[in-house]
Structure formats: C-alpha cells, structure tokens
Amino acid sequence: MDTGLLLVAAFCGIWQFVSTTDFGYTLSDTLGQPVLVGALLGIITGQIEQGLLIGGSLELMYLGIIYPGGTVPACASSAALVAIPIALRTGLDAHAATVLAVPFGILGSVLWNIKYSINSTFTIRAEKSVEKKDFNAVTRNASVYPMILTFVLTAVPIFLANILAPTLVESMINAIPAWAMHGIEVAGGVLPAIGFALAVYTIGKKEFLPFFVIGYFIVIYFEVATMGVAIFGTCIALLYLFLKNKESEA
Amino acid sequence: MAENTNERKITNKDIFQAYNKWYWLCEVSHCYDRLQSLSFCASQQNALRKLYPNDDDYQEALQRHLQFFNTEGTIGSVIHGITLSLEEEKSMNPDDISGEMIIALKTGLMGPIAGIGDTLIWGTLKPICLALATTMALSNNLIGAFFVLLFPLAGYFIGLYMCKLGYSLGRNAIGKLIQSGLMNRIIDACSILGLMMMGALSASYVSLTTTAGFKLENSDPILLQNILDGIMPGLLPFALIAGIYFYMKKKGTKYGGILLGIIIASIVLAFFDIV
Amino acid sequence: MDTGLLLVAAFCGIWQFVSTTDFGYTLSDTLGQPVLVGALLGIITGQIEQGLLIGGSLELMYLGIIYPGGTVPACASSAALVAIPIALRTGLDAHAATVLAVPFGILGSVLWNIKYSINSTFTIRAEKSVEKKDFNAVTRNASVYPMILTFVLTAVPIFLANILAPTLVESMINAIPAWAMHGIEVAGGVLPAIGFALAVYTIGKKEFLPFFVIGYFIVIYFEVATMGVAIFGTCIALLYLFLKNKESEA
Amino acid sequence: MAENTNERKITNKDIFQAYNKWYWLCEVSHCYDRLQSLSFCASQQNALRKLYPNDDDYQEALQRHLQFFNTEGTIGSVIHGITLSLEEEKSMNPDDISGEMIIALKTGLMGPIAGIGDTLIWGTLKPICLALATTMALSNNLIGAFFVLLFPLAGYFIGLYMCKLGYSLGRNAIGKLIQSGLMNRIIDACSILGLMMMGALSASYVSLTTTAGFKLENSDPILLQNILDGIMPGLLPFALIAGIYFYMKKKGTKYGGILLGIIIASIVLAFFDIV
Amino acid sequence: MDTGLLLVAAFCGIWQFVSTTDFGYTLSDTLGQPVLVGALLGIITGQIEQGLLIGGSLELMYLGIIYPGGTVPACASSAALVAIPIALRTGLDAHAATVLAVPFGILGSVLWNIKYSINSTFTIRAEKSVEKKDFNAVTRNASVYPMILTFVLTAVPIFLANILAPTLVESMINAIPAWAMHGIEVAGGVLPAIGFALAVYTIGKKEFLPFFVIGYFIVIYFEVATMGVAIFGTCIALLYLFLKNKESEA
Amino acid sequence: MAENTNERKITNKDIFQAYNKWYWLCEVSHCYDRLQSLSFCASQQNALRKLYPNDDDYQEALQRHLQFFNTEGTIGSVIHGITLSLEEEKSMNPDDISGEMIIALKTGLMGPIAGIGDTLIWGTLKPICLALATTMALSNNLIGAFFVLLFPLAGYFIGLYMCKLGYSLGRNAIGKLIQSGLMNRIIDACSILGLMMMGALSASYVSLTTTAGFKLENSDPILLQNILDGIMPGLLPFALIAGIYFYMKKKGTKYGGILLGIIIASIVLAFFDIV
C-alpha cells in the first residue's frame, strides 16, 4: 500500500469527522460539501482540475437537501469523501463518480441514524448528573463525549473505505454491465428529486404550492439562474408580508 | 425596559458567550428522543449560574432547560435571547414568572421558528451559496469552491443578531408578535420564497429524459421525448417530483424506500432502453 | 368528373356531418378541426405533407374560437372540408388556402343558425309527446331527428361544394387581382382577433382585464409558448382562489 | 348520507348511463329557444323511470326537465349528478322536495357553471390541445395531428368525474358552496386563467403589420412598422383586438358585421398598399 | 471669432431661455432635452449623425430625472446646450462629451435655484397689486416679468459659455490626465443613479419597494425594454387597484 | 347637477381658457416660498371676473387663490376644474360655501395629486417618450429625436381632460373619492407602477463595473466583476442605488453633496484602477 493512499485516507477520515461532528451549526455540514471536498482533495493530490469537476458534479446531487427535525436523507460528505478520492485515483470520469457516490451517501445516512440513537445516552447522563448537582457534566456530555462517538462512528469507516474500496470498486465497476451503469447514472440525475420533494413536503402549505410550479417553470421557460428566482421570490414574499400586514392594520 | 437596565445582570458578553456555546454545540449531542435539549441547556449554563447563585435554583433552572427542545439553530437563537431575558427577570422576581411559563414560551416558539429557519437558512441561503460555488468550481475556478464558506459565515452572524434581538425584545414583544398573526404571515412569506426556490432548484438540478420512441413505416422515427418537449419542456422531472410528493403525502416520508425504488426503476428502465 | 374527386367529396360530406352533428360533446367539434381534416385528407389523397401544412395553417385561424350560449362565429369544419380538398387538388399554397377558407367558414356558420332554428321543432314535438305520455319520443327527438336534419343541412352542401367548387374557385382565384388577394390574406391573419375579442368579452370581468394584457405581452416579450402561459396562468388563478378562500375563512 | 345508502335506488350504472346519454346527445338537439332542455331531459329519462314507476309522476318529472336549460356540458354535468340525487330524494320523500326547488337549483347553477366551463374547457384546454397538435402537424408530424383527440378524451372523463361528484355531493354541499362565495371565487380564478390564455393566444395567432412608410430627402426610407416596433412589439394586433372588444362593448357582439368590416378594410388597406 | 460660432451661441442662448422659462408645462422642459438639442444642433451645423449620437448619449444621463416640489437636481438643457456644440466643434466623441456635460448640468441647476429665489418678488408684487385692486398686474407678474428674468439669468450665461468655453474646454481637456478622464466617464455612467434613487425616495412607500427590485431585475435577467416593464407595471398597478376596490366594496 | 345646468355661468370656453392659462404659465413664476400660487390665481382670473362682477368679491377671490399652492400640473388641473365649479356655486349661494372650504379642498388635494402626477406623468410617461426618442436617435434616425414631443402633446391633452373632469365632477364626487379610500388606493397603484419603472430605468441606464482583480500563481487572473456577475448580474449598480437611497433616508436628499461625492469617488477609484 502506497503512502499517498494512506495520507489521503487519513485526511478523508479526519475530514469526515470534522463535517459530521456538527461542531459549528452552519459550519460543520458545509465543510463536508462535495464541492469543497473536491477542491481540497484536488489540492492534496495535485489534481485540482479533476477535483473541482468531480466535486462540483457531485454537489449538484446534494445541494438541495435540507434536514428538518434531524432527518438526514443522504450524507453528502460520506459520498464525497469516498467517491472523490477513488475517482481521482482510478481516473473515473465525473459521471461515473457520481454514480459511485450514491450508495456511500446512503450508507452515510445510516451512520447518522446510529449516532442520533446512541447520543441519547449522553442527554440521559447529563440529566442524572444535574440531579446529583454535578453541574459541569452538562457541557462535557454536550460536547466531548458525542464528538468521540462521532469520531469512532464516522472517521474510522471512511478511513477504511478509502483504503479498501479502490480495488474493490475497480473490479465492481468492471463487472457492472454498461446498461446497468447507465441506469445508475440516470438514477444520479433523478435522486435530487427526493430531496426537493421532501423539502416541499416539509415547507409547503397547500395553498402556496403553485409557487413551486412557478419557480420550476420560470427556470424552464426563461432559463433564469437560481439567484434570479431567489430575488423575485424574495420580492414576492416581502410584498405578501407587507400587504398582509397593511391589511391587518386596517 | 428602561427602569430595568440598572438591574441588568446579563451583560452583552454573557449573551455572546451563550450564543457561541449554542452555535458550536447546537447539534453535537442531537439525539432522536430529545434533539437539542442538551445543547440548549449547555448554552444557557453560564448565564444561569450567574443568575441563580443558589445551587437549588440553579439546578431547577438547568432541569428546566433539559426539557425537549428542537428548532432551527440560526433563526432559532432568538429563543435563546428571549429565554435569557426571561430567566433574568425570573431571578429578580421569582413569583412573577414561573418556570412553566418559560418552558411554554420556548416550546411554543420552537415549531414555527424551525419552519422559518429551515426555509430561509437551509432551503434558500444554503443552496444559493452552494450553487454559486459549484458553478464556479465547474468552470475550474479553485477560489470559487471556497465560496461555500459564505454560508456558515452568514449563518453565524445572522444567529448572533437573532440572539441579541431576542434578548432585547424580551417576551412581551414576542407575545404580541404571535398574537398579531405576524408570525403566521412571516411563515407564509417564507413558504412562498422557499417553494419558489425549491421549484427553481428542481428545474436546475433534476434531470430525466426518455429515449423511448417508435418508427412508423415511411417516416422519421418519432421520439417520445420530442413529443413531451412539445407539450412542455421539463415535463418528466416535474412529474417525477410531483409523484414523489404525493407518494409522501399518502405514505409518509420514507426516504430510503423511495431512493431504493428510484434506483431500481432507473436500472430496469435502462435495461429496456427507455431512459 | 373523376372518381377521386367524387370519393373525396363523399368523405368530406360525411365528415362534415360527423363534425357538425354534435354527437359526442367534446368529440364532434374536434373531429372537424382543420388540422385533423388536413391529416385525414392528406392520407386519403396521398399528400400527407401538404395536408398537414394546409390543415395546420388553417387551424391557427380557428383554434381560439369558443361558442358560449350556442353562438358559432365561424365554422372551422366547413372551412376545412372545402378549402383543403380544393387546395390539395389545385396545388394552392397554404396561404392562399387560408384565404379561400374564410368565406366557407362564414357560410358554414349560417348553416348552424338554420340548424339551431329548425331544431326547435324537435323540442316542441318531444314536449307534446310527453303530454300524451308517449315517453319514448323524447330520446328519438333528441337524437335521430336532429341528426337527419344535420345530415341534409350540412353533408349535402359540402358534398356539392366539393364537386362544384374546384373549377369555380380556380377561375375565381385567377380573376382576383393580386392586391385583393393580398388583402384577403391580411384579413386571414386578422380574423382570429374576432374570436379572441369575443372570448374576452364573454369571460372577462372588467377588473381582470389586465390579465389579458399580461398574457399577451408575456408571449410578445418573452416568446413563451402558449402552454407556458397556461401553466403560469393556472398557478396565478389557483393562488387567487386559495388566498381568497383563506381570507374568507379568517 | 350514511343512513340513506341502504335506500339508494340510483346505482353507479345509472349515473354512468345518464352521463353517457348526456355526453353523446348534449348538443345534438340544441335549438335557439330552449338550447339543451331536450338533451337534459333525455339524459335523465332512464333514472327517472326507475324512480317514478307511477306514470303521472314520471310524466311530471320529464316535463320538469324539459324546461329551459343551458350550460357547458363538461363541468356542467355536475348538475346532472346533483339532479339525480335530488330526484332520488324526492321520489322517497315527495313532500320534502318540490319540483320547483329542483328547477331553481338547476337554473341557478347553469349560468355560473357555463362561465367556468367555457373558460376552462373551451377557452383553455381546447386551444392548448389544438395548438399542440398544430405545432406538430406544421413540422410534418402526422401522428401529431391526431393529438387533437386528447381534448375529447380528457373532456369525456372530466365530465364523468363531475357527474359522479355532483351525485355524491348532493344539494347540501352545492348550496353551501354557493353561499360561501366559493363559486364566485372559482369563477374569478377561471376568469384570470381564461384571460391570460386569450392574451397568449392572441399574441401567437393574430398577425397584422403595416407596410406604410415615407421617405425624406437624403435619408433611408422610414417604415411605420419599425417605429411601432420601437414603441412596443405587437402593437397593431393588440390595438385591433382592443378595438373589436370595445366595439362589442358598445354595439354588442355582431360577429358577422365585424367580420365583414375587417375583410373589407383589409382589402381597401391592401389596395392603398398600407398593409 | 467666426460667425458660425456666434450663430450657434445665439441659438443656444435663446434655446436655453425657451427650455427653462417653463412656458408650457410639459413643453418647455422637453424642448431642452439633450436628444432634441442634439438633433437641432446637428441640423444647424450640418453634423446630423454626430448631433444625434451625442445628444442621445447625453440624454441617457438625464431621462430619469423628476422634479418633485421644484427640486431640479441637474439641468439637462444647460448640459446639452454647452456640451453638444463644443463637442460638435472640437470633434469630441460622445463619451467625452458626456463627461464634459456633467459640470454644466450642475451649474445649470444653480441658475434654477437663483430663478426660484428671485421669482418670489413677483408673487409678492402681484399680491400687493390685488390689494390695491390693480387686478391686471396678476397675469403680468405671472408671465412677462419672470420670463424676462429667466432670459437674463439663463440665456446670457449659456451664450457666453458657448463663446468662451471652446478654447477653455479644449485646453482643460488636454490637461486632464487619462485616468481622471476615465474617472469622470465612470461618474457619467453612475450619476443617473442619483436621479433614480431620488425618485424612489419620493414615490416609494416602504411596502412597495420590492416592486423597484422586480423592475430592476426583470430588465437585468430578461433584457426586456423599458416599455415592456411599463406595460406589465401598469397591469399590476391596475390589478392592485381593481382588486382592492372590490375588496373594499365587499 | 341637472337642476343647476340652466344656471351655469361657466362655459366650456371659460374652462378651456382657464386650463390654457394654467398650462402655459403654471411654472413660469414658480418660486421657493409660494410655488404655483401666482399661476393658479392667474389661471382662474377670467372666470372669477365673470362670477364676481362686484370688485370686492373679485378681490377676495383672487386673494383666496394667491394662497400657497403646488401640485403636479397635468393631473393637478383636475383641481382647477373643481375650483371653478366651487366658485361658480359660491357666486350663486355665497353662504353655502365659504372661501376657507375652497382653500381647504385645494390644499387637501394638491399633495396626493402631486404624488400621483409626479409618478405617472414625470416618472413614467416622460422617460418612456424620451427613451423611445433616444433609442431612435442613437440609431441615427433624425425623425426619431422629435418623438420627444409626444410627451408635451400627451401632457397637454391629459391636463385638459382632467380639468374638464374636475369641473363636471365637482366637489361632491371628489369628497366621496377621498373618503372611500379610493385616493389612497390610486396612490398605491401609482407607486407600484412608478417603482417598477424606476427599477427598469435604473437597470437600463445606470452602469458601473469594476476592473479590479487578482492573480494567483499558476492560474488565470481572477476578475472581481466575473465573480459579481456569477452572484448576480447588475449587482454593482443596484448596490449603488440602494446605497444612495438609504443615505437619503438617513441624511436627507442632498443632491449636490451626493453628486460631488460620486464624482470624487469615481476619480479616486479610477486612479487606483478599480473601475
């Protein structure tokens, strides 16, 4: 086993810990986003162009996912930190890498489930300590312990996956017939739909659903960038708010 | 407000500290049955110690904040601010404010604010920053990829602002806000924005076309996709999302099952050369 | 007279009956739409390409017409079933065929007026039968009798027009000076306006008229397909409905 | 509802039959003075026979439904459903429901529903299907022309659904619907959609340009159309439609006269080389 | 001094009077608009193409200015009637001419301030005359006197500027370093912003501000002409009015 | 209304004359302290002479109309029409209508109408006409430049119409109009249109880009403008306008100062090669 592989695997393990420990509410998750992971691994391996390309492509699949109430539909960092290094190493193209990432993203969300289950014990421990007037235990249970748990739960498997996967994956990829590969590729383009449907399901009051359709077809018919829709959407939302406020004052 | 300032025990530094503990630990100890109760408690700890020198009061206060809690952490830190102001008041006039009242307010606010925050912060701000960075990265711009950091940066400061706001508004303002129906209108407005964003993101990032077609004698082959595009472009992805949405409406949000279903369906359709 | 002409004329006569007898509420009218007639005559005469082209061009003039309260501003099938076969036979181009169709569309609407007038007798007959407790007469008067009337009224003239018109039309067309031909052509482009104005007049509450202007200029400025406007229009209509419902509940 | 089901005399088959007679015969006997009264009566005949075994009652019922009636047939078949449910109830409790009541309900509903149906079915669904087929036909796609059949197909099933809906809702629901103002709001919403569609169709299918122009010394010839396009594209057709609309507002909807006027004007303008 | 210069200067002086005397509420201001001035000077000097180009470019800077309550942020005609003749004479290009115009536009607005201040005396005089029952003095004070004042105040300086400026300006322009010239040019593109911000400040109720943003980004994202926005804006405004009226009736 | 027509002293010619004096002199004598009071008075003079043959009454009337007045002249001429109708009525029934009432009505209307007129006439109609003419002139079309005259032409006739309208409506109609809240809704509607227009004009006519950029080793130079365009096109001009707007909100509308500031800033930024 070459040191390059080890080094990258170590980085990926640690980085997976960093981006799943949730240390820093909006920060932790962001650090594990495929586009950033792609850039970092690109720098580390000296394959910046490839890293950006694969990371960016992968990002498209995960950028719309939201986690209401602690549901993690798919783990972007698990996908990124396994699929990108393998792709960089084996020279997979961006499309195939996206396909490869899918199962790891799903496996990653399983780790979250485990973490959220075990974490319960720390809350219970904190509660008991407070009962015993051992007040300092609160912060300890809220930080150090769950972080250690996360390290074991996430860093280790990603490290191992990085070491074991390449050969496995390579032979697997060779074994998959072209049509199935294409099928998985199609699935890659379709999967973000789940995230969006979920978000609509979560956010969406029935009476506002037409705004989803409007947003969708503005992009389809006018080829406006997402930011444009965000601007117009903000204006419409503000107008709704202001005019309703005005009405309720009268 | 004015008459109380001379009695203020909570300093700006306390608020800043409380917010930081919240920002950094918020989800670290997240668990299925209690979600953010532990991190909420931890974030208030230092301030509570200051307010309740008596160990029994302090203990009671900590227990109070170990109750179930969950909200969106950025916008939601307004609740931390309010709680601080309430606890401060309670520590001075213990009879005026009951612990139940504080709990009620927290749990009353956490739901609607989670809706607002999930929509604005995670459903709008985050994908915008990510899309920006991704577009740049895909055009081979290394710096661009680091633009993702705009999101945590903005998130941190929005949260800080909300926390301070909550403290200075206190419970009265919030009470009025809810009564006046303003909260509902804000949620509605966020819903509008969020749904438009999801629509736009769906159109940009979900892709599905069919390769199915047939050939009549003496004619060019007819591609189903061309016909669909004639009806309306983007029809298939739209139908797919609508399908998933209505499936969830009926059967609940089984992410895993739907995901598996889609992958299998894709492979099967690919086998029959339909996609 | 060649058999080809006779055959086509027979088809046109029967088809005119099919599409003006109103047997099948949304079906009958559709069967007589120029685009479909063009396709069918194309198949029959073996000139599919020409048939589609002429039928489609003609359709543009009639596709917006609605018939509130039984007003038939112009009869698309009369226009199609005379103009298209003539054009296919004489090799007229699509533009000239559209021009040619105009008067037949208008004459056709006269037939409708006659039919609607005579139909009265059947309702009266049915009423009298019920008085005499001859209950079965109702359906008979509601179906067979008016259909026979329609056959005589519409199939026959269209059949004759198909047989007599070609020579007549050809000499007429040769007689019309170029500028007048151009004028009729211009009229062809303008005539759909009447249908739309009529529809607006019928549908349109004053306070919603700006939506007509919006629909018009969305297409003008953004070159969006009609379907796009239908989508956005549906969204706006639903939002109006939902938000007004919400208001009225509060 | 629940307590009546055991007494139901009208079966699903009856509803289906009534609807079909309506769908196929609706406009066959349309006449200027009574419009759809005969076809309405015919469509209810079989069910009425079943409900009123007594010839006198049956006769009365038939006469009731030979009264003036006119509506849009697709959405309007909801009225047939309601009528069936009313007649069924009347046949069981003749004193509770008078014939006048049934007539009143029918005539009360037919107007607004005609407005809704003409807008949705004939003003929106039909031109969309036709435009779709036409676009395809014009690009030489034979199959495309047959897409017009989407319209009758959809129309048939929408009508069937409405008829069943009407029967199951019965008169109470409808009464509430009208009282609550919901009907008006539905009409308004349809009006919005319909007007936008007419605008879009006008922009797509009305064409008028002028060839008028003049030439100053030492300059390129100036075309009026270019100036108009500079002001706003699509100005002439828009002005034309507005003109016709306001003419109708003032003088009534004389289709024939307007048509003749336009043809003559076109030829005259063509003679002077203005169009 | 050549007669051509004198003639143009005389025209400019008189024209400045015409367009700042406010004789004709919507007329006077319009006559001084750069685009028209450019055309007129183009005709006079025989340089129509250049005149149109410079006048049009200059217009872009002034076409959005409104004068609520008698505030004149910048005087378009002063700018036009000095900068355009100089540019035509010295062969300056449109960009540089725009730059050159800026200071004259500002100086021109100073003249307005002076005029509005001195005009007070006429109102006072009219008042006194009415007191003395000298009724005819009203119209005189409302017309002749202020017009004479305007003539002296505005025609004379513009005439002089036209005679003196060319040489001065030429040497000035030569003296300005390229980067500063570029800076002034940039300022030229930015200055209209003040007019628009002022208009928004004047018109704009807080709750409708999103409409400004909508108008802005419709043009940015869809590249629609201003007229298009005017059409859609009118529709939206009318809908607001109609629907609010309807609500208040209910 | 009807019963008064036989007593009418003001003829159509009087109204036309009054309007013309107003249109031509409106702003000629504009001054800082009284604005349009003199021209208002002058415009009413002839009619007032006719209504008040008695010199004292006439004098009083003139004095009444020398009070402070300012409005937008085009839409605002509706006030002149109303005033004429009021003065006519007063001249007939001096006790029914007091001079104060007339003044109150004038000053009550002039503000809101100024807002409407400035928005519609100067903020919308004028820039549209100018933009039209400018576009044509810039494509070397001489006639096009004279299209600016559309604006005064339209303005003249709109004003004439408003003046006649004001006279025929009289004060009652106007009173109702204000009470009903209609005026506020009209202003709101104008505000919507005006703001959209200003937005569109800003986007079309304010231009600002940055030339700033930097170069990393081994990479193409990175231009700040490209990044900004990636975020959203038109960002800089928008930020600039927003900046000026908020500056005005805080410090008042100091046109001169802002102008100077911008020029200086532009030159400085140009020096550092940033713009």
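By written order: A, B, C, D, E and F. Residues from 1 in each chain.
One rule holds in what follows: contacts are C-beta pairs under 8 Å (C-beta built on N, C-alpha and C of every residue); 3 or more make two chains touch, one makes a residue touch a chain.
Worth saying up front: this structure is predicted, and the values here are computed from it rather than measured.
Peer 1: Let me spell it out: compute each chain's centre from its C-alpha atoms, then which one is farthest from subunit F's centre?
Peer 2: It is A whose centre lies farthest from that of subunit F.
Peer 1: Of the pairs A-F, D-E or A-B, which has an interface that repeats that of C-D (more than half of the contact pairs shared)?
Peer 2: The pair repeating the interface of C-D is A-B.
Peer 1: Please indicate which chain is farthest from subunit B, where distance is taken between mean Cα coordinates of the chains.
Peer 2: Of all the other chains, the one whose centre lies farthest from subunit B is C.
Peer 1: Taking each chain's centre as the mean position of its Cα atoms, how many Å separate subunit E from subunit F?
Peer 2: A distance of 15 Å separates the two centres.
Peer 1: Quick one: subunit C and subunit F, Cα centre-to-centre, how many Å?
Peer 2: One centre to the other, that is 51 Å.
Peer 1: Take the average of all CA coordinates in subunit A, do the same for subunit C, and state the distance between these two points in whole angstrom.
Peer 2: Once rounded, the distance between the two centres reads 57 Å.
Peer 1: What are the residue numbers in subunit E that touch two or more other chains?
Peer 2: Residues 208, 211, 213-214, 217, 221-222, 224-225, 227-228, 231-232, 234, 236, 238, 245.
Peer 1: Would you pick out the residues of subunit D that each touch at least 2 other chains?
Peer 2: 132, 135, 141-142, 231-232
Peer 1: Would you mind giving me the full set of chain pairs in touch?
Peer 2: Those chain pairs satisfying the definition are A-B, A-C, A-E, A-F, B-C, B-D, B-F, C-D, C-E, D-E, D-F, E-F.
Peer 1: Flag every residue of subunit D that touches subunit F in the complex, lowest number first.
Peer 2: 216, 219, 222, 227, 230-231
Peer 1: Tell me, which parts of subunit A touch subunit C in their complex?
Peer 2: So the residues of subunit A in touch with subunit C come to 206-208, 210-211, 213-214, 217, 221-222.
Peer 1: With touch defined as at the start, can you tell me which subunit C residues reach subunit B in the complex?
Peer 2: 225, 227-228, 231
Peer 1: In the complex, go through subunit E and note every residue touching subunit F.
Peer 2: 21-28, 30, 33, 35-36, 38-39, 42-43, 48-49, 52-53, 55-57, 59-61, 63-64, 66-71, 73-74, 102, 106, 109, 116-120, 122-123, 126-127, 130-131, 133, 135, 138-139, 141-143, 145-147, 150, 179-180, 182-184, 186-187, 189-194, 196-205, 208-209, 211-221, 224, 226-227, 229-230, 232-234, 236-238, 240-241, 244-245, 248
Peer 1: Which stretch or stretches of subunit B touch subunit C in the complex?
Peer 2: 231-232
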